[in-house]
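Letters A, B and C name the chains as they come in the text, with residue numbers starting at 1 for each one.
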Amino acid sequence: MSLTVLLTIICLSILALFSSIILYFIAQKFKVFEDPRIDEVQAVLPAANCGGCGFAGCRNFAEALVKAETFEGLNCPVGGATVMGSVAKLLGKEAPQVDPTVAVLLCNGTPEFRPRTSRYNGASDCRISHNLYIGETDCSYGCLGLGDCVRACTFDAIHMNSETELPVIIDDKCVSCGACVKACPRKIIELRKKAKKDRKIYVTCSNCEKGGPARRACKVACIACGKCVKVCAFDAITIENNLAYIDANKCTFCRKCVTECPTSCIIEVNFPPRKSVIEVEAGVVNDNPNV
Amino acid sequence: MSNILNVSPSPHAHGKETTRKLMFGVVVALLPALFTSIFYFGYGAMIVTATSVVSCLTFEYLIQRFIFRKPVTITDGSALVTGMLLAFNVPSNLPVFIIIIGSFVSIAIAKMTFGGLGNNPFNPALVGRVFMLISFPVQMTTWPVPAGFSTGYADAVTGATPLAIIKEGLKNGEPLSQLVTQIPTPSQMFLGNMGGSMGEVAAVALLIGFAFLLIKKIITWHIPVSIIGSILIFTLILWLLNPEKNADPMFHILAGGVLLGAIFMATDYVTSPMNPASMIIYGCGIGVLTVIIRVWGAYPEGVSFAILIMNAFVPLMNAYIKPKRFGEEIKNG
Amino acid sequence: MLKTFPIGGVHPPENKITADAAIEFLPVPSSVVIPVTQHIGAPAAIMVNKGDYVRTGQKIAESKGFVSSNIHSSVSGKVNKTDLVTDTSGYKQPAVFIDVEGDEWVETIDRSNEIITEVKLSGEEIIKKCLESGIVGLGGATFPSHVKLTVPSGKKCDVLIINGVECEPYLTSDHRLMLEKGEEVLIGVTILMKALNVNKALVGIENNKTDAINHLTKLAPIFPGITVHALKVKYPQGAEKQLIKALINREVPSGRLPLDVGTVVHNVGTAYAVYEAVQKNKPLFERVVTITGKSLSKPGNYFVRIGTPVRCLIEAAGGMPEDTGKIVNGGPLMGKAINNTDVPVVKGTSGVILFPKEESQRMEISRCIRCAKCIDACALNLEPYLLMTLSERGLFERAEHERITDCMECGACSYICPAGRPLLDYIRLGKTSVMKMVRERNMK
């Protein structure tokens, strides 16, 4: 080895040594103390960084959990009870009981039920169409079909069905983070309590107009006739602003309201077929792979 | 009424410009230069141009269809423009395989890896050209002497360009007054009777293209004028300081790729700044860098490198140099 | 050298098909629908009930609050109901439905054709009259005029500017008004001058209306302080800020009003309405509307009663052409497309345009090629391509910093974009989000 090479190696090694010593001392001097538990909690969290907990990412949520006195109001919808239980054990706190939920679209206005009365030709964005006008139909509350919810979902749980022009939510993939709820400008996606076997009964309408105009705009609109309220033995259905709503906590899935509804706007999902069948032509039911 | 009406947000009218019309406008502006290069360099020019255009279009089609799996947009004219500009940057006797490699670098690496049209930070034709220059220096620096259709292609007679003659000569200590006898006269250079790449030779053809682009409002005057202006001023200062060691401004503008670079390469929409103040700074930067590379750098020609270096600053300029908004309050309160 | 605004602007084809069509009176329809939100500000409160008999010019809805406007019946007849109707907002709004019986006017309205030049009311009385008569800006913004004429303490106004520009293609209602009712318009201008206590008024007219310019220039000397100016044809010359810059070379600061540079701008249609209100006691229930379109057999300009459904206008123009693809309420660059023809004509309706199918489809969207034509076109020197990207990505704080709220939504950027990008759609979305964000921030 020539002198040049030797000198180069020695000089660079000394430089490297000096730099590492300086860096070490600087790192020590400017070290930010962080509770080591934050790292432990973060390791347990699902690392989806979806914001469903209301915080900006899993690390942020981990910090909040460590700092919090109780877990009141803190829940990871993606990890659910298992993750919250592990975190609780780690931090020596109580995990609250939170019912799992799933996203549900409160609209069944397919082109067959809800005729198109104009053609929207602007940018393909629900918010833009919503700000512009009533939409391609006569219902100013219904789904616009341009996919803001699909784009907001980071779990691949919503897809647009090109025939029904409505988004379809895949229950298995939905983690209830709430991104689609926030994204929808008409606020017609709801997080409803998950029942066993993914069963659901709900009113597939968000139209608050009086029965006449609502029905003229869409065949399966809720006309607020009140028959469902009368037939429900569990007080689960209320009518407000010309629109019926089923409380998932009170509903026992007796399905009487589904049969009673004259416009077929209450639907049952994931139930076995009945003995006396009233065919419900809901686009959503037909698409469900579990039926 | 059976009419279902269209509804969309305003505006409900649209101007006549489309991306394709703008790109084809550039192609039309390049036609005078294409014809003069065929006039001076014969079959070589035709082969090089055709190869470059076809391979650029092919690579874009293949990548968009099979790798991106998105709609193919080769008909928007941007790959065609890249192909022509790439051809205009090389000697007319460049072997076909090198052109294909250059087209691949231009389209696949400099354009498609960034996401396609509109996303690339560097001028694709120049990236291809510089890649070929550095990888195949011999073939990329042997320039055919113009002899019309008898120039031939693979068997072209080659000679040095005026810039190379001056650079070599000055390095060897020859005074300028002696060197100018070895290079074409200004009027010859204006009309294109000199060695060089296909696009750079005929100043008059390029200026006709410039006029067309300005009339059709495809480009604005800011970039070309600031490039040529800054080169003019910088070389004027150098020439006045030492007329024996530095060539005169007219020579610098007519020789080499200044006009081609200023009018067609630096004004590429995607890689140039978006508002007039930035454009002038961009143009001056290119001019100064070109002269520095020509006078003190290792290469006789500096336009390609200067443009690529300034391309790197364009996002910064776009982010920080903002147009003065209407009603901008300059004083507080 | 014609005056103009220095930055930006585009040149859409003018298509002033109806420029030579004299104004006719559209026959009163069999029923009208009068919405209560025809202006900027609080909706008016309905004062009539089902079954009431109303006369033409009778007040049927009361202005609520300072920034609001009275609404008068444009016909005589019986109130059928108060219900919802789809108007230009795209959504259903409350409105008064009246079945027409005859045409009995309120007696205090002077129906004679005599032109009354002498202005007997004082400045304050004029402003009160504007409020009573429901006068709003007829250039399309429908801002209540009495508010605009009330100069708050601390601000000064030294010159009045009258907007006779009508820069939007197709529309000719202001043009015909200036040509046929020029004297009344100028009297209206003097009334406005008196209300604002200024002695100078400049009338700006685009140079494609030379007959109107000549006519008003000939009449102007009779009225002290009024001068007429021809302006270069460029869109959007009729925008308030651009008009002020072109005529008196003052730049309205970002986020402020023309009053902050000492001027107020009114449309010629508003000046005419003010004349009718002050000199003839006639409230605002009628206005000139252009019905036009390349496929219409009889496009024209009409005096239309507020509340007339658009389909009556189309019938008067020869019926709906077969190839109609889009109907726009307003001009092609800033107007609103409507989805049915029952939409009523309101105070802000300056024109209705029927587009054939070939002109009703938007261009296909392709990538931004960063050509900067949108920046060239923007009259406020904003960067539309950047504002669109920021709005799409939800980066609203940066959008606020880039002055997205300055945008006047003139549409020149979307018009010129070679890639057909929906710039204005996303900028509008960004604006509403930024304004919401600012409101929430100010509430804290």
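Methods note: contacts are C-beta pairs under 8 Å (C-beta built on N, C-alpha and C of every residue); 3 or more make two chains touch, one makes a residue touch a chain.
Since we're looking at a predicted model, the values are computed, not measured.
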item	value
Chain whose Cα mean lies nearest the overall Cα mean	C
Between A-B and A-C, the pair with more C-beta contacts	A-C
Approximate Å spacing (C-alpha centroids) for the pair subunit B, subunit C	49
Between subunit A and subunit C, centroid-to-centroid distance (C-alpha), Å	43
Separation of subunit A from subunit B, taking each centre as the mean of its C-alpha atoms, in whole Å	52
Multi-partner residues of subunit A (each touching 2 or more other chains)	117-118, 121-123, 128, 132-133
Per-residue multi-chain contacts in subunit C, two or more chains	337, 339-340, 360-362, 422, 425, 428
Overlap residues in subunit B, where contacts from two or more other chains coincide	5-9
Contacting residues of subunit A [partner subunit B, same complex]	116-123, 128, 132-133, 136
Residue ranges of subunit C in contact with subunit B within the complex	7, 10, 12, 169, 241, 245, 251-256, 320, 324-328, 330, 332-341, 353, 355, 359-363, 366-373, 375-376, 379-383, 385, 402-403, 406, 409, 411, 414-416, 418-420, 422, 424-425, 428
Of subunit B, residues touching subunit A in the complex	4-9
Parts of subunit C lying in touch with subunit A, wherever the complex brings them together	86, 89-92, 337, 339-340, 360-362, 365, 422, 425-426, 428-429, 432
Residues on subunit B engaged by subunit C in the complex (per definition of touch)	1, 3, 5-15, 17-19, 21-22, 73, 76, 78, 116-119, 220, 269-270, 272, 274-275, 322-329
